[in-house]
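Chains here go by letter, A, B, C and D, matching the order in which they are written, and residues are numbered from 1 within each.
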Amino acid sequence: MGSFAGHALPGSFFLFVGLWWVIKSSLWHLTRRNKNTGSTRLPSRASQRRLEIIENSVIVFFSIVGILAEQFAANGPKLQLYDVSENHWKDMANWQHSTMYMFFGLAGAVSLIVHTTAAAPLPLDRLMLCLAFFNEGFLFLYHLHGRALLDIAVHQLLLYAVFGQALIAFLEVFYRGNVILELLRSALTMVQGSWFWQIGFVLYPPSGPKWDLTDHSSVMFVVMCFSWHLMFALVFTGLIYGAICSVVRARLKRTPPMEMGLLSKPRERDQESEDEVF
Amino acid sequence: MGSFAGHALPGSFFLFVGLWWVIKSSLWHLTRRNKNTGSTRLPSRASQRRLEIIENSVIVFFSIVGILAEQFAANGPKLQLYDVSENHWKDMANWQHSTMYMFFGLAGAVSLIVHTTAAAPLPLDRLMLCLAFFNEGFLFLYHLHGRALLDIAVHQLLLYAVFGQALIAFLEVFYRGNVILELLRSALTMVQGSWFWQIGFVLYPPSGPKWDLTDHSSVMFVVMCFSWHLMFALVFTGLIYGAICSVVRARLKRTPPMEMGLLSKPRERDQESEDEVF
Amino acid sequence: MGSFAGHALPGSFFLFVGLWWVIKSSLWHLTRRNKNTGSTRLPSRASQRRLEIIENSVIVFFSIVGILAEQFAANGPKLQLYDVSENHWKDMANWQHSTMYMFFGLAGAVSLIVHTTAAAPLPLDRLMLCLAFFNEGFLFLYHLHGRALLDIAVHQLLLYAVFGQALIAFLEVFYRGNVILELLRSALTMVQGSWFWQIGFVLYPPSGPKWDLTDHSSVMFVVMCFSWHLMFALVFTGLIYGAICSVVRARLKRTPPMEMGLLSKPRERDQESEDEVF
Amino acid sequence: MGSFAGHALPGSFFLFVGLWWVIKSSLWHLTRRNKNTGSTRLPSRASQRRLEIIENSVIVFFSIVGILAEQFAANGPKLQLYDVSENHWKDMANWQHSTMYMFFGLAGAVSLIVHTTAAAPLPLDRLMLCLAFFNEGFLFLYHLHGRALLDIAVHQLLLYAVFGQALIAFLEVFYRGNVILELLRSALTMVQGSWFWQIGFVLYPPSGPKWDLTDHSSVMFVVMCFSWHLMFALVFTGLIYGAICSVVRARLKRTPPMEMGLLSKPRERDQESEDEVF
């Protein structure tokens, strides 16, 4: 994947998924709180389930696309693992990326099963997400042998986001439906996405001079830059949450005042929700 | 244990135990959920307890066999710890393996006491399992001094599975009966088992050329290979769970329809279960 | 910031904040316990909210002051990030300190939103505090390249307090209103503050001889000294808690004896409190 | 403290404390379970509180003795911290040991306050215990500079027990009265005690030849030996628990059969207990 596009593509994908998760979590949390009043105008449980199915189908689809791209693009290994003639393993980087996509595809497929049948326990989708992120971080950990100082630094910083996502997803197995954890995971997903773009700009600048990959002051800059990505992702998450909050409230205002009294117990548990029981 | 058989034997044992735990956890979780309807056709609490006793007797038995094999096999230390004539410690590897078996034997013995008497607190079986896995990982950590690059790598990867099992077993002390944790622990046990086989094939290939133990691209391959073992274990766990799910449902369909209404509260807590209270 | 004042200023700020948090947590915990009796004489929910607003306004204000000081003080970068003429990054240390202040400012701003509107989920203030501390520690981690032995040691010790605060704040997302966690976080904040002063005295002694920055016995001394800072912070926290406890009790004694019977259920949950629900 | 006695003394103290904690936890857990029947013959809440006061007074007393011994024994620093004439820090090891004792003394003193007054929150005693153990491990971490291979190894192994105790004590802040955690903490305390003796025998053998402190096979032996200490501590803990269990049951058998029916709800929560609420 050693190219600008090879980092921009997964980056865009994670940015998009993160953005979508922020919208989904905010919408779901805010409508759940205000369920009693305006349920007819707000998304119901059936539409929530439909969203989950669409989301996970998209994830499975892009995982397969990713695997095919890694395997059959210009310099891909074309499903060959060992080069017998030269007696060494072929294109380990491509194979490792394929493995990452496979885990995300598996997580999506399990989520599809969880949300279409009643057979599997509900928190399984979060556990598979946790394992997919953990596996990504695990493979990146062993990916950095013999690279330049700055190259190692930018990939190590990525691991903060990746293992952070894995940790939050694991906590969600036990604290399902906790909006704080969901928003934090979404923000970290956006950080991962934007950081992939940043890696592309640092290692393969599309224009301008190359970076000096052995300069220590550049390492200090990218570390700080990672902080900024996190901050922008958090602020952006907050803005979306706020915008959705206003929209939901505006809709509710149009409900007859008689029903408004029910708003006084905003944190009441919604028994119909899919995400309640563990 | 430096031989193919020396890795294949514990590997087979862990594979078998992992497989058994998947079946037990799935069966128990699915019958607990459907308890109200078909309890007469599904395993009762007494049969569950009987299974635990058989399982732990087998674990204790194989632990003793393992200790004896390590001590009295061809090159074993035969319970001698210090070679006075040559002034150094004897066969540290065999002694460390014996110690690992002893901890698993102790965990099995404590489980037997927990499930046959009412004296010991129930979560003690999980804590002892946690300590047995932790001890295994702890001894392996100090086992790798002065080995070749690839040899160290394959054993370090094993530690992910071993410490993962210890962590999950510790969480089960607090979240007992959580099917997600039980299945994940079972899957990690299968990973440990299949990875022992993999180590055997890498370090002592029964046929074909030897691996180059200092080649870095081989390290990248085995890291990815560990991911694949985890993925296969997860998929396999899912398939068994699904199969048992179908069998349990098929049995329940034969119950008179009148009782079927009770299925509508599937996640209700089963007061009779041994695993409820902490 | 390489100066005595540059460490004494943030040190004083953290000392002050830690002290304030001890008072706030103690007062709030003790009045909550004794709510039923003397509520008219003790701070109400409205005054609690007012305090939160004042506190967070102060935090936001000082964060902005800190950023401006770092940027526009004598040798600051004046918002310039890259020195094109000399082809390197400018004043990375100042920029990193500015970033730390920005995160604390963001945490304060989010807290303001949480406590003035009903839109945001309550535990968000603790999560942002956790991220602000985590970010501080994260930037310090990469701050120490190429410094002297003792310089590295005193900054690494600071990380125990900083990451400790981040961990406790994260736990508070789940265990909100737990007085033990709140007091521990406050004590660690005071440790951070007093340790900043200590760093100032070690690296830039205002009087007397310079320290030998490469002496290993000095490292052993500062490690122990950090323990003492922690101990003094804990004892000091305890003394303040005890003092407030006496004051609250003295006030309650003046209530008519008839109501005193209600004191018998001291740990009862106070339904009106802002901090209850998650 | 570089002597056999200097390790045997704290070792004996920790062995004694661990043993006492096993007895206390077992007794308290078993009588709590059987409270309804034989409460008149079993320790009451008042006697539990009295035990806590005695226990913590003893801890405070021995901490003061430890500090005085470290300071005023033959080669102690006699409260002098800096040797102005030779321009270096005096007896850092003794001062660090004094600091450890001070933290344990503080933990004991806070426990005394918690159990004699109603002012302090109950879980504070566990938090202070956690901090005392953490501080011990923290100081040992920086204690090992420039020592021989085996000397470092035996002290590092000690850290597993010490940080393990700190972790368990921290968990007890949230899961107070959990007998599994209490027994594990007690067992780890015994491991710490017996390992101090082991360190004494390895580094300062009272008789026989000296150990070769640079031999790697000795490191492998002491690692395994640490496993054995843990195993013996666990088995010993189990035996004491079992013995107390028999005694408590024998006492209960002498109660009139009419009351025995109440035994059927053995895990019922005991409202009167000090350890219930948080």
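Heads up, the rule we're going with is that a residue touches a chain if its C-beta (ideal position, glycine included) is under 8 Å from a C-beta of that chain, and two chains touch if they have at least 3 such contacts.
All figures in this text were calculated on a predicted structure; none of them were measured in a lab.
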item: Contact distance in steps, from chain A to chain D; value: 2
item: Interface residue identity across copies chain A, chain B - same or different by half; value: different
item: Fitted rotation between chain A and its twin chain C in degrees, CA, nearest 5; value: 90
item: Gap in Å, rounded to a whole number, between the CA centres of chain D and chain C; value: 31
item: Residue numbers of chain C (touch at least two other chains); value: none
item: Overall pattern in which the protein chains touch one another (line/ring/star/complete/other); value: ring
item: Chains grouped in pairs wherever the two touch, ordered by label; value: A-B, A-C, B-D, C-D
item: Chain D partner contacts - residues on chain C that touch it in the complex; value: 29, 160, 175, 178-180, 184, 215-221, 223-224, 227-228, 230-231, 234-235, 238, 241-242, 245, 266-267
item: Touch list for chain A against partner chain B, complex; value: 81, 88-89, 92, 95-96, 99, 102-103, 106, 110, 118-121, 123-124, 127-128, 131, 135, 138-139, 142-143, 145-146, 173-174, 277-278
